[in-house]
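This report concerns only the one structure given below.
Think of it as A, B, C and D in the order they're written, each chain with its own count starting at 1.
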Amino acid sequence: MEREHDLVAGDRLWKKIWFRIIYRADTRMGKLFDVALLILILLSTSIIMMESIPKLNKKFHLCFIVIEWIISVIFTIEYGMRIAVVKNKKNYIFSFFGIIDFLSLVPFYLSFFFPFTKYFLIFRMLRMLRVFRIFNLLDFMNDGFVIVRALRNSSRKIYIFLLFLVIFSVIVGSLMFMVEGGRQGFETIPQSIYWAVVTVTTVGYGDASPITPAGKFFAVILMLAGYSIIAVPTGIVTAEMRNKRQNLEKVCDRCGNEDIDDDARYCKQCGKKLA
Amino acid sequence: MEREHDLVAGDRLWKKIWFRIIYRADTRMGKLFDVALLILILLSTSIIMMESIPKLNKKFHLCFIVIEWIISVIFTIEYGMRIAVVKNKKNYIFSFFGIIDFLSLVPFYLSFFFPFTKYFLIFRMLRMLRVFRIFNLLDFMNDGFVIVRALRNSSRKIYIFLLFLVIFSVIVGSLMFMVEGGRQGFETIPQSIYWAVVTVTTVGYGDASPITPAGKFFAVILMLAGYSIIAVPTGIVTAEMRNKRQNLEKVCDRCGNEDIDDDARYCKQCGKKLA
Amino acid sequence: MEREHDLVAGDRLWKKIWFRIIYRADTRMGKLFDVALLILILLSTSIIMMESIPKLNKKFHLCFIVIEWIISVIFTIEYGMRIAVVKNKKNYIFSFFGIIDFLSLVPFYLSFFFPFTKYFLIFRMLRMLRVFRIFNLLDFMNDGFVIVRALRNSSRKIYIFLLFLVIFSVIVGSLMFMVEGGRQGFETIPQSIYWAVVTVTTVGYGDASPITPAGKFFAVILMLAGYSIIAVPTGIVTAEMRNKRQNLEKVCDRCGNEDIDDDARYCKQCGKKLA
Amino acid sequence: MEREHDLVAGDRLWKKIWFRIIYRADTRMGKLFDVALLILILLSTSIIMMESIPKLNKKFHLCFIVIEWIISVIFTIEYGMRIAVVKNKKNYIFSFFGIIDFLSLVPFYLSFFFPFTKYFLIFRMLRMLRVFRIFNLLDFMNDGFVIVRALRNSSRKIYIFLLFLVIFSVIVGSLMFMVEGGRQGFETIPQSIYWAVVTVTTVGYGDASPITPAGKFFAVILMLAGYSIIAVPTGIVTAEMRNKRQNLEKVCDRCGNEDIDDDARYCKQCGKKLA
């Protein structure tokens, strides 16, 4: 998220006005701007999707191209404006949304040379995350924040879990390769590992499934394991989320500690009696 | 739920009697009425289902039509009665169940003009939710209420989560479209997005599954992600459900302890007898 | 579980001795008896499984029949003994395990008249639940008990949830029937409901999967819903399990209340200060 | 994990130096050693995977063989070194990682006689678990430890759950065998049990799926059951994980409060400064 506080001050009046319109949603114009942006993003992504459908692309090819051009030009101007009206330009450019704004333009210009890259324009959808502000600012942001924080705080545990899972899948996949010989879907070890992941995550496409009794027995064990260890990420995130819930409640008015449990009577950081 | 309290008073006697029979289940007649309704709903939905089976429909077509007519006429009369005996008619008509009662009639009459709409009669099944009263009124309602409230309270977080998930699936689907070219199941971007959702939710039909090594590698990452983020809605609802268990409760007026169980007679923090 | 306390006393000596051997595992003979039983159960179920494999059945048919006869005779004798040595015979016969013991014999005798019923002998496997006693008696029983109690206590909530799910699946299935016309896997409404359950529970066989864009869009919504509401049973059981965990800890020595939270300082039933 | 403390002391200087390099990651050489090991492990497992791909194996067969030889020789020397520099050799050899180190060598030498065993070399990947030390030692180890401990502490409950699940699947599979006759995927009872596990764990390959209406009805019940009981392992692990966060902690020596967070400096119940 851009640290917008230090961007507000200074410069000429038009910059201030436009800054408010572009970066905030607390004025009528600002809201309108965000809504317009939202519509353009949705339109742009819809067109990219429709372009991929041969039948539609054949019929409306020119139409798609024109709209894409218009939207891309608008987005380019908008990107220029964003840089122009911001005080600390470097901060914006390298902020999370600054990078996304940039990435949502590049594929368009790149596609002149590499037509293939056009579909990367779908990344424009990420810009939608910014436009959340239009809606109930505080509550939604807060809830989204709780989720993001819970995920971030438990990310290390989840990485470890995923690493375990990958090592586990590699080993199981290799064993399965030995069991199922080179049957369909188990032709190579990487394919068997792919099958192991498909199974342990309970996705189960069925493009590869064991045929020999030994393979089936093996698969049964793997499935039961997958069914049990799905509890681990859940346990991690749930514990974290319970945790986080409490943060929002009260604050210690002596030391500013915000991590106060429901049943606490004294601040656990400074020992002050809580109100 | 209809606010029945302000519907009880006044009017002539037969309205009062019928009101009690139709809207309540605390008299013998009232219970009988609800049981009869339950049977009619089940019968009606069974017939709609059976009608969709060509073999059965051929054999019993007339029979089905007749029963459907009879049930629909009964339901129409019942709907009229419900309006007639209620004092605040507007309240009932626009209540949750009032709308369902109406919707469960409309398709029948519409089907004279648009035969297609007949299957919407399946919405009658929603009326079953009302008939729950027949059974252990308090406990079941309470438990159902806890679930509904936990879902409602965490709905905003779940919406945000689903939005993330949709944006994520759109982006992943588009990338997969680029990876898997236009192979079977990945012919267009929308189809690839469909595949992404099928995968990330661990449903895994297998009507589309990656074939190229790059696609499989990509799918493995997506599956592991899906396996991990399933923890998020679980964490949200679990935290909410734990919450609800306590929020409802009482407070000790000596020590201010709010963590009081349903069956507690004394405060577990200070030992004071609870009111 | 049989209430064994009131079965111990009285009668002649051999009954007492055999009672101890059959119903308990605290003597050497008792443990041996249980181990022998466990082996017979496993042998019996293995043979039933193997009998279903044509190749094996052809080869070892006679062998299977003989072993089945022997085991069934032993089980019949054992069942007779169980009744003979128990004081309160009615209590045993209608206890959970008494019924299972009976049910694991019946199919054998029935299969003389209805060969089909033979496979019901697989219910013998349930007898394994009894033989758990051989292993670490207290801890395992306790843990199993915690699971069973958490499930039982949350069963009402889970029933309601399942009813919601069934109504939801019926409605979604019917809508899908209208969307997907009568395509493969969606020929009738019951089949579409079957598909809806397969999807919402994230099983996803792939024997039926939407083909039309509208159907796929619809399926995506269903999958996202299923992915979110899987959180509900998890939340229910988790909350219950956290709950139950506390039950085992301390007891109030005045009123015998066993439902004491970790942080309680006073019994919430009688207000006595806890040690 | 090896108890390294009692391995440090004594012996000649070179042993001490090499011990530090091999078993620790707190010196520059020690880190380099671990990184080199990590690369060799990854290289080794990559080659085993690639060998299983006929096309690659044909082209680079000799190359693969040579690298495998080199790595195996290095690992053999390393294993020898590990034994040599450790004081309490028996402790190392029978430690978790000691056994893995040994197992990651054996298949190479065995493969001279049984070429088939070569793929067991994939177990080398487990050695990666040791190399975690290179990264943020404390935090990652701690988090991994929390997961492992939560799993270990709830393992008994999970075993019981899995046993229930297996018995349940065997019974359901047998019933399904009776329902679906000998149709494709349900030819024998073991195959039907395999299907039951595939279904109840929500994997759902689709290699076997019910065809008869009765079978589908049955499958629906099984799926709903599977969807509900997935909550059980989650509940177990989540409860355990929440637990662990607190069990580890300290006690307030004034009020006996045991619910003290990691970062607490004062008791939240009585405000006393914690030691």
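One rule holds for everything that comes next: a residue touches a chain if its C-beta (ideal position, glycine included) is under 8 Å from a C-beta of that chain, and two chains touch if they have at least 3 such contacts.
These figures come from a predicted structure and were not determined experimentally.
Among the other chains, B has the CA centre that is most remote from the centre of chain D. Superposition on CA atoms relates chain A and chain D by a rotation of 90 degrees, given as a multiple of 5. A separation of 29 Å divides the Cα centre of chain C from that of chain D. Multi-chain contact residues of chain A (touching two or more other chains) are listed as 161, 190, 193, 202-206, 230, 234-236, 238, 242, 263.
Contact residues of chain C toward chain A in the complex are 202-206, 234, 238, 263. Remark: chain C residues 45, 48-49, 52-54, 116, 119, 122-123, 125-126, 128-129, 139-140, 143-144, 146-147, 150-151, 158, 161-162, 165-166, 190-191, 193-194, 197-198, 200-207, 230, 233-238, 240-242, 245, 262-263 touch chain D in the complex.
In the complex of the two chains, the chain B residues touching chain A come out as 156-157, 160-161, 164, 167, 170-171, 174-175, 177-178, 187-190, 193, 199, 202-206, 209, 213, 216, 219-220, 223-224, 226-228, 230-232, 234-236, 238-239, 242-243, 246, 257-259.
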